[in-house]
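Per-chain residue numbering starts at 1, and chain names A, B, C and D are given in the order in which the chains are listed.
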Amino acid sequence: MKHHCTLKHDIFKEFLAEFLGTFVLVLFGCGSVAQTVLSRNTMGEPLTIHLGFTTGLMMGVYIAGGIWKFPIYVIAQLLGAFAGAAGVFGLYYDAFMEFTSGILSVTGINATGHIFASYPGRHLTILGGFVDQVIGTGVLVLCILAITDKRNIGAPKGVEPLAIGLIILGISISMGMNCGYPLNPARDLGPRLFTAMAGWGMEVFSTADHWWWIPVFGPLIGGITGAVVYFLLIELHHSDPSEKAQQKPEEEEDEEEDEDSSLRDKYEMITMG
Amino acid sequence: MKHHCTLKHDIFKEFLAEFLGTFVLVLFGCGSVAQTVLSRNTMGEPLTIHLGFTTGLMMGVYIAGGIWKFPIYVIAQLLGAFAGAAGVFGLYYDAFMEFTSGILSVTGINATGHIFASYPGRHLTILGGFVDQVIGTGVLVLCILAITDKRNIGAPKGVEPLAIGLIILGISISMGMNCGYPLNPARDLGPRLFTAMAGWGMEVFSTADHWWWIPVFGPLIGGITGAVVYFLLIELHHSDPSEKAQQKPEEEEDEEEDEDSSLRDKYEMITMG
Amino acid sequence: MKHHCTLKHDIFKEFLAEFLGTFVLVLFGCGSVAQTVLSRNTMGEPLTIHLGFTTGLMMGVYIAGGIWKFPIYVIAQLLGAFAGAAGVFGLYYDAFMEFTSGILSVTGINATGHIFASYPGRHLTILGGFVDQVIGTGVLVLCILAITDKRNIGAPKGVEPLAIGLIILGISISMGMNCGYPLNPARDLGPRLFTAMAGWGMEVFSTADHWWWIPVFGPLIGGITGAVVYFLLIELHHSDPSEKAQQKPEEEEDEEEDEDSSLRDKYEMITMG
Amino acid sequence: MKHHCTLKHDIFKEFLAEFLGTFVLVLFGCGSVAQTVLSRNTMGEPLTIHLGFTTGLMMGVYIAGGIWKFPIYVIAQLLGAFAGAAGVFGLYYDAFMEFTSGILSVTGINATGHIFASYPGRHLTILGGFVDQVIGTGVLVLCILAITDKRNIGAPKGVEPLAIGLIILGISISMGMNCGYPLNPARDLGPRLFTAMAGWGMEVFSTADHWWWIPVFGPLIGGITGAVVYFLLIELHHSDPSEKAQQKPEEEEDEEEDEDSSLRDKYEMITMG
């Protein structure tokens, strides 16, 4: 009974942390796009947008701590991202009204939908978009696993958020030209839902051949791919199983289990990134 | 009696540290705006201004250490910000004279008042400006609390100033389009007082519907909001009260007191940021 | 027999780590060039390219850990760089097709070969290119040795990848105008091989007076030069041999051996950078 | 006798470290100016120059370690800066020849003298230049003292070079418009001597009313000012003398001596920055 209460409390605690971390990530990230778009590039540029998501993720990780879990907290992330988008809209409400003359749209010279969610570049095919999200999220997960791998070089405790943020800087600079870098289902879908409800309408889902599902499902495949690649190429080889098997065969199985659960924990941990 | 002397010395010590920290923050921050404005954007750009406040806050925190207190040291911060503005004016006196032909004003093509204090963008309403300062300062306080929270992931000792500086980078890039990012009453009011006295005149207070009070009172509301949000969503849940209450109920109350005073201390600590 | 297996496993492990680290370095680095070139500078600029290689090296070091070895793993690096180039081509396949109209070339207004490998600026002579690579790689090795030198100030454990990445930022900003900054035989030759096979043809080797061998052999000379300079000017003087020789002459020789092997190990370690 | 040898060895060791550290600082810093000027701003911009000096100082501190001494090593710094300038000229010899058509000058549209040493902006008076160097170097010394002050918040061991480099980023962005940011006699005079000898002629000394002595003597005054300010406002108050005097009056004097020598050591330490 007491255990049950504790569990419920832990879930509630992690739910709130997930919510607040994703809120800050989207507030900084989408806010930096808003500042660039609404000022017609006079107060922002691609690099400031990249740095907005970079610092947003850094701070999101500091806030949400080491307690990111998937998939039960995907709701918390969705709500956090939705609230972050609302925050950006509230913060820049006057600027939105001036920029759009009150007409919120996802296409045209005064389009503002791409402030909140990803839309594909004109050159991009559906297959290209899916590949983009698989590669981008795969590399993100790969690098997070390396940075937090205590048996690799690893970032010191408390410095991981800074190092993880720099992955986003790298990805945004090198893989951002196709469709931005959503890289997380909730980060993209939450703000898209907000725009659908706040005046941009259902076009946010229907436009570009129903693009919206690519940044939702692509990152899932990409995340798993990245985790598997890191496991097969790096983690699997940290200890020498053949040697240890001879010395203490009974612990060997445990270790494998540990590796499996460690892999699972880690993948759960990185779903927000 | 001895205790009284020590207390007076501690207050004096913290007063000086506050003063010098805010001086450097404003010297770097307003200096970077001066470099950009006075060179007519040839030697600066929005990003360099953001980095000026970022590094300024980093260095201000290294100088003022962990001894920031509010509200008794608000005078120290005001004086430090005033002195920092004077430093910028002294450093670029020749450039100011050339740029302005000696006419110091807050509006027009040769305006220089916005080098020192915040002024609202044309699109901004009074309500929008107040919301801007509440959200911006709220997020700042939220992130500082996360970075310095020893029960969260937390930045390592001595790295906090670097991480805190990166919050300013994030905020400036994502929330700077409305009115800059004053985020601290003293940082904005001190330099504004300097300009009022150094030749810009009382227009620095009267312009834009007496804008000056927004960045003075908005950050106060925002700071409290951010601290309350972090407390309610994160800090409150660090330990499980229900479980501990059963084991050692007499310590429970102390802990709650600790949490309250810890919250109060932390909020005092962040008033400069 | 058991020892033999362990050795083989260790080689295999390091081979995979080398491969994956170089893959990520090239994916980030060449990806950032691709984003800049293919967007015709609207979504990238020189600074984002520099930051792409900077973050790429940071992450490559976190992935490959402290197990970089040369020369037996040069094959792993070549394959990793080749795979990274293939990743960039796959990621931006649609954009490549639109930008080039399907004609992949190394010269002309729609040239894309320089996304993957280095080509000299028009002003550069062969001698100038060789000197460029010797100085650039020399400084890279010099700085890596300083950052990882435990008897110098040294970066903390786990922070080395961040500091090492910043060397690349410095070099790219100060020594990138002649021919980019290949600085590593495999990083340049791997992607060049990919372009030769993927449609750019043998021109990638023949163009600019067979430039390709400069970034292959220049870095080798430069790396050795940098290591020798650091050894002679800094490492050699860390301990005072004359004093120690009197106290414990029998350990003196060991120490010299240690210094030799340490130097060798360190040079092997930095071949990827 | 043995002590004499050790002392001589220590001086030699520090001389070499000073030399190499300043060499790298100038190679990165002046190299980034060269890349920007010689490419006519296509491969560089003010921000890349700032980052060039930032990373240059970071790496210079990692190389020279904690052994910077003044004034006996000013010769080492001068030689290092001279060699760094020669390195930049060698690296970009082809580009210099193309850019200047072989005519090396300090004025005019093809001027290249300012790649190596500081020259004042047109708006700057002699007094303004002197004030600029006093304020700039004063703040630099102030911040270095804060970052390395173990009784303040302080950067962790091995992270100081990164934090110190960020001071340069801040200063260059906020105080660089008058005359760049020489901030160190040797860093400016060494490369100026190189240009005088390498073909730019004595104009490098005579131009702008013999400007050359300002960045030589201004930083000396500024450095002392910054150290005195930090001592009076921060260091002096770290411990409470009145209280300790009562408890252990005999140690009190020692502590004061320690503080004096600590101040002296620290000032010696920062002369390169």
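The criterion applied here is as follows: a contact is a pair of C-beta atoms (placed from the backbone, for glycine too) under 8 Å apart; a residue touches a chain by one contact, two chains touch by 3 or more.
Predicted model only: the values in this text are computed from it and were never measured.
Comparing the residue numbers each copy contributes, chain B and chain D share less than half of them at their mutual interface.
In terms of their C-alpha centroids, the spacing between chain A and chain D amounts to 41 Å.
Distance between chain centres (mean CA atoms), chain A to chain C: 29 Å. For chain D, residues touching at least two other chains, in rising order: 47, 156, 159, 162. Interchain contacts close the chains into one ring where each touches exactly two others, per the touch definition above.
Residues 46-47, 50, 121, 123-125, 128, 131-132, 135-136, 139, 142-143, 146-147, 152-156, 159, 162-163, 166-167, 169-171, 173-178, 229-230, 233-234, 237, 240, 242-243, 246 of chain C are the ones touching chain D in the complex. Interface of chain B with chain D (complex): residues 2, 5-6, 9-10, 12-13, 16-17, 19-20, 24, 27-32, 34-35, 38-39, 42-45, 47-49, 51-52, 55-56, 58-59, 61-63, 65-66, 87-88, 90-95, 97-98, 156-162, 165.
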